[in-house]
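The two complexes that follow have subunit A in common; it is paired with subunit B in the first and with subunit C in the second.
And then the complex of A and B:
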């Protein structure tokens, strides 16, 4: 294998893929990046066996071939190059010689024969969605996923293709975030897919602002194709809890609030909530909200703000971090909070298709 | 024909000669050289000595000698002192109820003299000549004038030379010396204002200058490391007063060598005290480990019976429950409050270090104010003042944190956390630390009767085994107090609609199952007492983040939370949370003093 590549293009691609590599994996070859040069293109692949990311760039291929080289080292070498173009010559023994301007590197690789193959995806369902919209839906929901390894289902984000729309859901059983978007797909492609959180994070990092995204899914695998990137991931197997039943049907009383004002007020009062879980108390009176945080041995913090509210007085406590998460992810000016009483879940909505259900904290 | 033994004429009853009585008494009082030492030292102290010099040879088997600078005796008193039950301290039986001096049974010297080659040289202040008495196996050999300084010098040679049956039971010189040293330590700790010297086989073992307080004596005996991890104990209820020093868990041993109790100034144990000490450390130390503890129990003489054990090693309390409760409270107050007594420390925060307290430290969770610490009484029964801890400035209660500020250095083995503090290095086990934090939060919330409970969305149905279900059903009320929203759903299924806020992120199924197992195993005492550490332990096992590596932000939060706990050094189940590696120790290991 012998190629000439552009430094910046190479760095750009390596950056997109190398975060997948598990720094403490048992197989040395998994620390390497798989490089395949063919017909004017260089394909770079990294995997942790569950998640695989492949990026393609243009290269002058003088001699086609395949090898694997240590990802961190290759990345370090290219980042420090002083010239724009490098020539890489990999021997049959997987020793790479890199010549760039006055610099010369020789790096030992491992045969591509040891590298795991990309999983086969037989007869996948195919969906096409807008990249930016999909990325936004992930950002609006993924913070809600559970990080407790004992609950594998909740460790993922649900992509539910049903009734002409895509619903993206995440929950940790204390709050649930749901974002929806119209998507066209054939009726036989109605599917629930649970995508691991690491894959979602990778998508949020690499998805662009323009163009479409092609999603291919089988019951066990999901693939995302966009720009010149391919992300293939295992799915979490199992049935996601019925999220619809968690969303209260009755609306209760509605409060309209400025998102930024609410976010900063909660953030300020929560400074006194030492363990971030004791809760802040929200008291709604006519067109007024008081946010109160008390910590017995430390003190208290109180914020008041104007809201639009005409209902009866109501007080309810929430975990401030959980209240702030959606406020940070949203970009709309106004949010609405629907409340029933102090033990029923609060429901946060905005002008876009977004629902956030949050269970209150009660003191027994 | 031989007659059966029982048919022989009965031996006539005889009054035993004094020498034999003394030898029998010796069996009670004198077990080994260490017991000789104990009697002699206590006599010296009772004589008002300011300096006691002890010499042993061959572990005390060949010689135990105690020389004091006390008041000494004139000839008559000296002779009287070696008569059985001759004691200057006890005249009537009722005096037994108010024994305040250390040696009182009066039989000690006579007993010792009856089983050894005994010499006593004594002189009083201003007397023309002292007295020397020589006794061999209880028989007075000589009584003569002798030039001697003020005080008494008793030498006991070849103990049990005339009682081969007992001599046989003496152990090796090394073992006997271990006992001698233990006795010496107890006496030295009990009387810190007295200068002590211990010499063994012509070499100095200890030279202890008279100390102002117990802490100095402990430092001289056990070294600065142990002394540096002690907290003063000062608590009492007006009748029973507790003083001394309690050790913090980083230092602990598998035996009770570091635990010394003095009842009215007398080194003595009691099952009541042992139980109380264990109870006080129950959520701080793993069972079977013992922290250093120098405990003083003072109470009116009529509330304690010291005459239970012939060698006076054990005492009996008239009101054991009261004594136990006061001891438990005293130790718990000591180990949870106040700062470590340490030497000078650079308190200016170092560059790059985080203060462990971003907010003013929380006051102790316990209602400590309800029991204003009472200074140890200058008990009428106890003339020694040495025990009073050095005065503690009346500052606000300082946090018990092992660091004032710290820097996060990294992780070892993907599990333990390395911190740098002003004092050196700290290794932290995040899981144990997390257990401690959870435990104290739950405890604090429960004491306030306000356990915040996070509702679940949707409620989880959890199926458990029939035995687990029975345990859960039995303790539903307790679980509610702990912040669990658990309802019996029938058929060994439970509906969980809320969890204590701090552990609400974990899967309810495994959590409830583990809690049920814990409840099944049970514990000692009220369920409330053992259920808390249980929940903390289960929560620690289930806790989010302990299956993966904690992020820096999570670690900072944990270090901060741990530093705010009352007892940051161990998990509620007694596992260490931190290992401290002081700069001093590092310097020593690198050979830089």
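And then the complex of A and C:
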């Protein structure tokens, strides 16, 4: 294999794929990037066996071929190059010679025969979604997924294609984030897919702001095709909890608040929150919110802000991190919080189709 | 008016000499004077648990692969550990400690701290009490131990390590003398300085405890981190404020099962683990407290032991919660070799669940207490009709008994 490639294009692609590589993987070949040069294109692939990312760039292919080279090393080499173009010549023994300006590198690779094949996806369902909208839905929800290894189902983000819309859901059972978007797909493509968090993070990093995204799904695998990138991931197997059932139907009392002001106030008071069950106490009175954090023997923090509220006085405690997460992800100016009482979930909404259900901390 | 000077505290650290090997030599006269290694056999994978002093002259030490021990001393006597017997002897030793003070903190099967400050009026000075304990253990159990006598736990432990075996070391009680005593010792003698910290210390040219005494706090902070620095400096000056930790109430409840023949079938292990969890759950209910975390212990064929722990989503004593955690922990275990022992325990026992984060999918309060009532009803049936009277279906014997 012999190619000429552009330095920046190479770096851009390597950046998109190499975060997939698990530094503690068992097989040396999995530390490598699979490179396939053919017909004016260079295809770069990285995998951790569960998640595979492939990026394609233009290259001048002088001699087609395939090899695998150590990803980190190659990335480091290209990042340091002083000229715009490099020539790479890979021998049949998988030794790569890289010539660029005054620099020369020789790097030992491993035969592509040792590299795992991309999983086959037989008869997938296909969906087409707006890239920017999809990325935004992931950003609005994925922070809510659980990192508790006891609950593998909740370690993923749910993509539910039902009734003409895509619902993206993440929950750690203390809070639940839901974003919805209308998508066209045939009735026989109604599916619930649980995507591992690592895959979601990869998507958030690589998805662009323009164009569409093609999603292909089988019961065990999901693939995302956009721009010149292909992401293939295993799905989390199992049935996601019935999330609709935990979204309160009754509205309770509604408070309207400025998102930024609320975020800043919670962040400030959270300086005096010492553990995950202490929480901040929100007390709503007419058009007024007081946020209080108290830590025994350490001190207290208090913030007040104007809100739009006409209901009866109500006090409720939340984990400040859980309260801040959606406020950081949202971009709207105003948010609404619907409250029932101090042991029922609070429901945060914004003008877009987004719902966040948050369980309070019960103070005994 | 200055407060009257308090008399110094007096701590002992008692450490049995080559405990397992010494018991074997005591009970088998033919092994006396010979190199004895308790642990895995030399022709198998596994490690040395304890080496007798005769074996130590060949460079054999605990945690060394048995194979290497066998190469160093082919004529050594290799014996498998007999934990139940060692545990019995341990109980006898702790009974001796209990004669001299109620303040006993067991560190392991063969090692304890004793606070004898208040015992001195009855039994004489700390050194005298140490002599009496050594004499009692030798006369009644025919075993030797090494004892350190010092004004705190850290120094007492240094003392017991100072002269081994059968040693008795009284450390200075006077501030200046303590500092001078510590100066020439290597930094590794400081509590909490392991391999990693030691390498960092070496890079900073801190080799002796004296070097640490002289080092500016900023240097220590950069080497050991801000929290550890103050702690290590206090230790370097021989200060250790820690008190005896009394196990007035158990902090953990656990059960273990040692297999007669090492077990490698996951199904069989699951079954045993299930029974252990049931038993722990029953004892937890009897205790009345809630557990905040659970711990799985697996000892492999080669005696290597590992534990995995994880907190419960909320403090609990519900049997289903314990099973779920134990199963989740065990599911992640790769069965690399046959299992010799499996154990499960709960820890962080607490009286009440306090303020807590509510759960979206949580059972309502009523159904949680219904589950607890069910567990308790099962306990009552078992108490009245025997343990086998009522079981979970999955824990029934696989095949009906023949007959």
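In the analysis below, the second predicted complex is superposed on the first by the 362 of 364 C-alpha atoms of A that agree within 3 Å, B and C clash if a C-alpha of one lies under 4 Å from a C-alpha of the other, contacts with A are read in each partner's own complex, and residues count from 1 in each chain.
Going forward, a contact is a pair of C-beta atoms (placed from the backbone, for glycine too) under 8 Å apart; a residue touches a chain by one contact, two chains touch by 3 or more.
Fair warning: this is a prediction, and the values are worked out from it, not measured in the lab.
> Let's test your reading of the overlay: on subunit A, do subunit B and subunit C clash or fit side by side?
clash
> So, does A:343 touch the first partner subunit B, the second partner subunit C, both, or neither?
both
> Applying the document's definition of touch, where does A:298 land relative to subunit B and subunit C: first, second, both, or neither?
A:298 sits against subunit B, while subunit C stays out of touch.
> Which partner, subunit B or subunit C, is in contact with more residues of subunit A?
Answer, by number of touched residues of subunit A: B.
> Touching A:330, do we find subunit B (first), subunit C (second), both, or neither?
neither
> Output check: A:197 vs subunit B and subunit C. Expected answer is one of first, second, both, neither. What do you get?
So A:197 meets neither subunit B nor subunit C here.
> Considering only the touch criterion stated at the top, classify A:147 as touching first (subunit B), second (subunit C), both, or neither.
A:147: touches subunit B, not subunit C.
> Check the residue A:176 against both partner chains and state whether it touches subunit B (first), subunit C (second), both, or neither.
both
> Does the superposition put A:231 against subunit B (first), subunit C (second), both, or neither?
Neither partner.
> Any idea which of 20-28, 38-46, 110-118 or 380-388 of subunit C is the one running into subunit B?
Comparing the options 20-28, 38-46, 110-118 or 380-388, the clashing one for subunit C against subunit B is 110-118.
> Of all the subunit A residues, which ones make contact with subunit B and with subunit C?
148-150, 171, 173-176, 241, 246, 276-279, 317, 319, 343, 345, 357, 359-364
> Which positions of subunit B touch subunit A when the two form their complex?
359-360, 362-363, 414, 441, 448, 450-458, 460, 480-481, 483, 485, 498, 501-502, 504-508, 510, 542, 544-545, 547-548, 557, 561, 564
> Okay, in this complex, where on subunit A does subunit C touch?
Touch residues, subunit A against subunit C: 148-150, 171, 173-176, 241, 246, 276-279, 317, 319, 343, 345, 357, 359-364.
> With touch defined as at the start, can you tell me which subunit C residues reach subunit A in the complex?
Result: residues 310, 313, 324-325, 328, 332, 352-362 of subunit C touch subunit A.
> Inside the complex, what are the residues of subunit A that reach subunit B?
Residues of subunit A touching subunit B: 24, 146-151, 171-176, 241, 245-246, 272, 274-279, 295-298, 317, 319, 343, 345, 357, 359-364.
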